[in-house]
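Given below, in the form of structure tokens, are the structures.
Each of the next two complexes has subunit A plus one other chain: subunit B in the first, subunit C in the second.
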Partner chain A sequence: MTTPQRQDFILFSDQSVIPTELRAVSAEPQHHLFLVTSTMATQPLWLINALVETCVSGGPFSLNGPSASLKSNPNSITTIASLVHEENFYHNALRKLKVNANGYQVLDILTNFILKNNDKPSDKVLDELLELFPADVQSTIILEQPELLLSLIRGLTADELNKKFILPLMKKCKLLIVASSIDLFQNNENEPLDTNNSDVQEFTRFVTSLIYNSIVVMNLRSLDTGRSKDVTGSLMISRGGQSTNSPLSVHVVENEYLYLTQKDSTKLFYR
Partner chain B sequence: MSFRKRGEVLNNGRGGPGAVPGRTVPGRTPAGMANSNRTLPNRGPMSTPQQSRTLTGRMQNMRVSDGTTSGAPITQNETATVNDEQNGLLLNHPGIRPSPLSGTFVTSTGCEDLDKVLTHMGLPLGHSMLVEEEGTTEFNSILAKIFAAQGIVYNRVTGATKITGGGDNGNTHLIVLSFYQMFAKELPGVYKGSKKDIKKSKISEEQSKLSVQNLTEKQSTPSRYKDFKIAWKYKLADEEKEKLNAKKSTNTQELNDDYKDYNHQFDITSRIMPAPSNSEISFISPNLPISTILTQVEQIIKRQKNKLIRIIIPSFLHPAMYQPDFFSLSKSISLIHGLRSIVKVHEDRCVLFATVSTDILSKLLRIQLENLFDAVIDLEPFPQDMLQFLERIYKSQPNKVQHGLLHVLKLPIFSERGEMQVKKSEWAFRNGRKRFEVDEWSIPVDDVESSSNAKQPGSDDHSHGNENETSHNHSNSSATAPKNTKISLEY
Partner chain C sequence: MASSSHNPSILFKRTLSLADPSGFMLCYDSISQTSYPVINEVMHSISGSTDHNITYIAFETLNKPSFATNFIDVNEIGFAKVIDRVQSLLPSATATVRSKNLVVVDSLNHIALPHLSSFISSLISPHVTLLATYHKDLPEASTKVGFDNYPNAETLLQFMATSIFDIDPLIPSTLDSTELRESIEKFHIPRGLNRLQFKVNFTNRRRSGRSLLYELLVDTVAHTYEVFEDNTNENQEETPEMLQDLTTFNLSTSAKQKEAKDQVALPFLEAQSEFAGGTAIVYEYEKDDDYDEEDPYEDPF
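Then we have the complex of A and B:
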């Protein structure tokens, strides 16, 4: 029995994950958004790690193997912030991949978020959150599950979250990578989605706006046939709403991979 | 061999070269020594309680006076002491063991089978678990009570190292988010075995007591050999069997001996005695403001230093306990998010366990809740007709009748790493008096139905006269087939 050939992780037509235009220092930097969507069954830690590795070391060596042609960008720092995982979680994961710890920083916005912001107005909470991120227009920011803010801040709408947090955050960096959970939109005949519910509408509106603002969407989902020993799920790469308006000279290569995550390693295969 | 007169004091009561080594029992002071100024061998100079004494090693910066510890300049030593205490908690706590898969420290849920389903042999420290249940049954509350009872039992394990902090004894503390304080009195007691087992244990207890009769019985041969002359071959076979059994049980015994107090079996018809006290369990009402709840949890954790903290939320969002505004995302998700952050801050000694009935939740709220827990298990009790079907099949083995399916939606550590761990309809659970069992699920074969189908062709032979009726029987459902066969036979 032959094993399927392992494939390299590629997002753009120049065979890169993050094109050199996005990593190089420019006088008038553009602001771009990548979107990673995932479910509870296929969580995106390995993909986020690969993207951090690409930002810090030049390429996703943990996925594609070592490459001498790829060079790191020492000029910028990558910032990771998560509303569900603590600081140590990312430090431990990236330490295992031997990613240079000077190339990234982890912001802890999980700890005591409720105690600090329970009775504050939403504008103030979002402003304080924005201040935590460094204002470096050459840098990359990775933000995990910002949609949780819709639940944690009373009365916050999707439009407010976009206008007052996501768009200003995009302007603070060159590349914003948002990882969002889309379990809500999974088809389930037994439990249909109540589209008349205002909370559901806000969540749908927020994720839709992220898709429209992004240049690439990476969707992680499990197999329709259920659990399998040799396949964890599929990674579908598709163009986002801004891919046609993007000033980049390269374009997104739409593709679908199967992937297998075991322990701390992930392998990609063509579907 | 040396001879000395009774009452003669060795070496004039001083430790020295002439003192008999090994005569002193560790931890014991001979009678009459307490008030004397004699120095014990190998124990360093002893002084009066009023005098301060100098300690060696990393303790040398500490000064002990009047039984209290005064903090002199201890910076590095202090941190070292804290680390040592934490390590001591992990190493000596009866309810903490390393996961066989990831090496992280885990604690038991109180249900051995559930620990196995979690694959780590427990819930990793710093992680949270949600048990969901569909329908109106209350199996989840049993798991919550077992989880709580296991924490209380850790506290009462005899011979376990008690790491004290803040003055009170114990190694585990429970925080229950509920105003129903009877919860503590309803916790199940440890299963002591069947009546036979209890009798046997009483007999073995009696035999272990030091008496002349027991001593003579121990040295003698088994009674079976005394009663009648046994063929020497059988005797050899007995000995070989014993050797084999001893070998087999050695490996499992070694494991069990290492973690013998890790997991207990609970009898849900009994109650834990004595009922947990305030030093073992703290209740926090969920109807307080969220910031107050979180602050209280944080304060209790800080107060219960060096203890394993098990936070329990039984029947989360139960309408009888929670106000209607808790069903809004901003309140319920904020509470769980806050608790998650506390558990992650105290990840070396804290776990969170919650149960919820999913029928009262919207899809959005359910998904948001599941998202914030590290492990999610869903209990789906069988409908009545399925239970009747199983009871009919397992008529002779009523212990095999399962009560529902157990779906795994998330596993700690593995799921967050990105592994696909959703296992639906792979496990089934059964709740018994003495155990909550989880087995692999397989659809049982209905022997009655298959045997009746097998009989059916035979009936065709007898009903040659009415072919139309026979063909009609084939098209009918299997339930009606035997009835028609009977009619044809009579005909």
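Then we have the complex of A and C:
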């Protein structure tokens, strides 16, 4: 049996994951958003790790990505903030990939979130969260599952979360990568989604706004046919809402990969 | 209603280049095809003509577009101050000015329903054209106006707009429209969307209130606008192969049979050709008819 050829992970037309324009120090920095959408069955951790690796080391080496001539910006640090994983989790995972620990920092915004913020008004909670992030307009911030804030902060609406947290966070950096779960919207034939439910509407509004603001959308999904031994899921790269408005000189290369995660490594194949 | 006396491409071009007076141009878009190419096309169309003063009101855009003369970040100054700031940048309604003013809004979804109509009406004036985007797939935020029958934002905007660009993607060949809708609902964005070529359902409303609706295929790379022709029906035409092996009966028609079928003149066609100029009632007396010339009620005419 022949094994299919492993493929490079590419997002843009200059064969890169993060184009040179987004790495180089620019006098007038612009703000961009990448979106990763995933489900319970297809966790995005390997992809987030590969993106951190690209920011810090210059290329997604763990995914067989392009490596030549991509020097990372040594002056700016990559910040990872997660609402589902603690600090050590990312340190361990990135140490295994041999990513230089001086190139990134992990913010713990998950531990005791409710205890700390139970009685505070939503504006104050979001302001305090924002202050945790460094204001470096050349840097990259990776944010995992911010939609959980809609459930964690009482009375918070999608618009407030967007205007008071996501957009100000985008202004603090050059590239914001948001990983969001879209489990809610997957097929559920026994119990169809109640679109009149206000919680569902807020989630829909939040995810839709993210897609409108993003240049590229990376969607991780399981196979339509169920599970398979040699395929974990598929990674679809498609243009986001801002792709036709982007000032970048490169364009998004739309692609669909199949991926297989075994132990600690992930391999990509063309579909 | 489609009108044959107009060339839709020219009308579309005139609207994009702001040659026709149009107070409020509305772009309806979705995540599958956003309105940025249309806005950029407007900028391309007006770039050759006299100087334009372009004000960009950004609710969701952070990067100042290169065409914008003034850029207003609403999240920075707050919604309450937007109108004052914009009006300070625009000439008053009574002033005589030569340059054209364009206000671009991205997007109207972020304005609460009670403020929407006053926001739009305070911006539109004889010297100002408003070009605003409304995302049709973003669920409306639940704000109550206080009246039971108050229209929703979409209806309200459609009523106010003088030109509407309803933007749809060209559906990728691998999908049909139902599959596309289903995958977008699940946030699985397929490949081949958000392109620079797309379909626009263009509504142009005249001063008389009459609106003209056209479907156009817009290519923003070549800057061409053609009338959209739906080819899906042509592909559905019956072929002999489609009827083969369905039953033991012979359902297909031979070429000769088809030709004979086509030559049968249908009765309603004959009736139309006979009185092409108008209509008439023809009464022919038969031999048994009893016709009395003296009886005024006898004459059927």
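Keep in mind that, in the parts below, the second predicted complex is superposed on the first by the 266 of 271 C-alpha atoms of A that agree within 3 Å, B and C clash if a C-alpha of one lies under 4 Å from a C-alpha of the other, contacts with A are read in each partner's own complex, and residues count from 1 in each chain.
Here, a residue touches a chain if its C-beta (ideal position, glycine included) is under 8 Å from a C-beta of that chain, and two chains touch if they have at least 3 such contacts.
Small disclaimer: the values here were computed from a predicted structure and weren't measured.
When the two complexes are overlaid on subunit A, subunit B and subunit C sit side by side with no clash.
In the superposition on chain A, A:Asn245 makes contact with subunit C only, while subunit B stays out of contact range. Of the two partner chains placed by the overlay, neither subunit B nor subunit C lies in contact with A:Gln105. In the superposition on chain A, A:Thr20 contacts neither subunit B nor subunit C.
Once the two complexes are laid over each other on the shared chain, residue contacts for A:Ser209 go to subunit C alone; subunit B is not touched. When the two structures are aligned on the shared chain, A:Asp159 is found in touch with subunit C, with no touch to subunit B.
By the document's definition of touching, neither partner reaches A:Gln138: not subunit B, not subunit C. Note on the superposed arrangement: subunit B and subunit C approach each other to a least C-alpha distance of 14 Å. Touched by subunit B in one complex and by subunit C in the other is not one residue of subunit A. Residues of subunit A that touch subunit B in their complex: 40-47, 83-86, 88-89, 110-115, 118-119, 145, 148, 150-155, 181, 183-184, 188, 191-194, 197, 199-200, 203, 222, 226-228, 232-233, 261-264, 266. Chain contact summary for the complex, subunit A toward subunit C: residues 30-31, 37, 157-159, 162-163, 167-168, 170-171, 182, 185-187, 195, 198, 201, 204-205, 207-209, 211-213, 217, 219, 221, 236, 238-245, 247, 254-256. Residues of subunit B touching subunit A in their complex: 289-291, 294-295, 329-330, 333-335, 337-338, 340-341, 344-345, 347, 362-364, 367-368, 370-372, 376, 409-410, 415-424. Residues of subunit C that touch subunit A in their complex: 31, 34, 36-37, 40, 60-63, 65-66, 75, 110, 135, 137-139, 141-142, 185-196.
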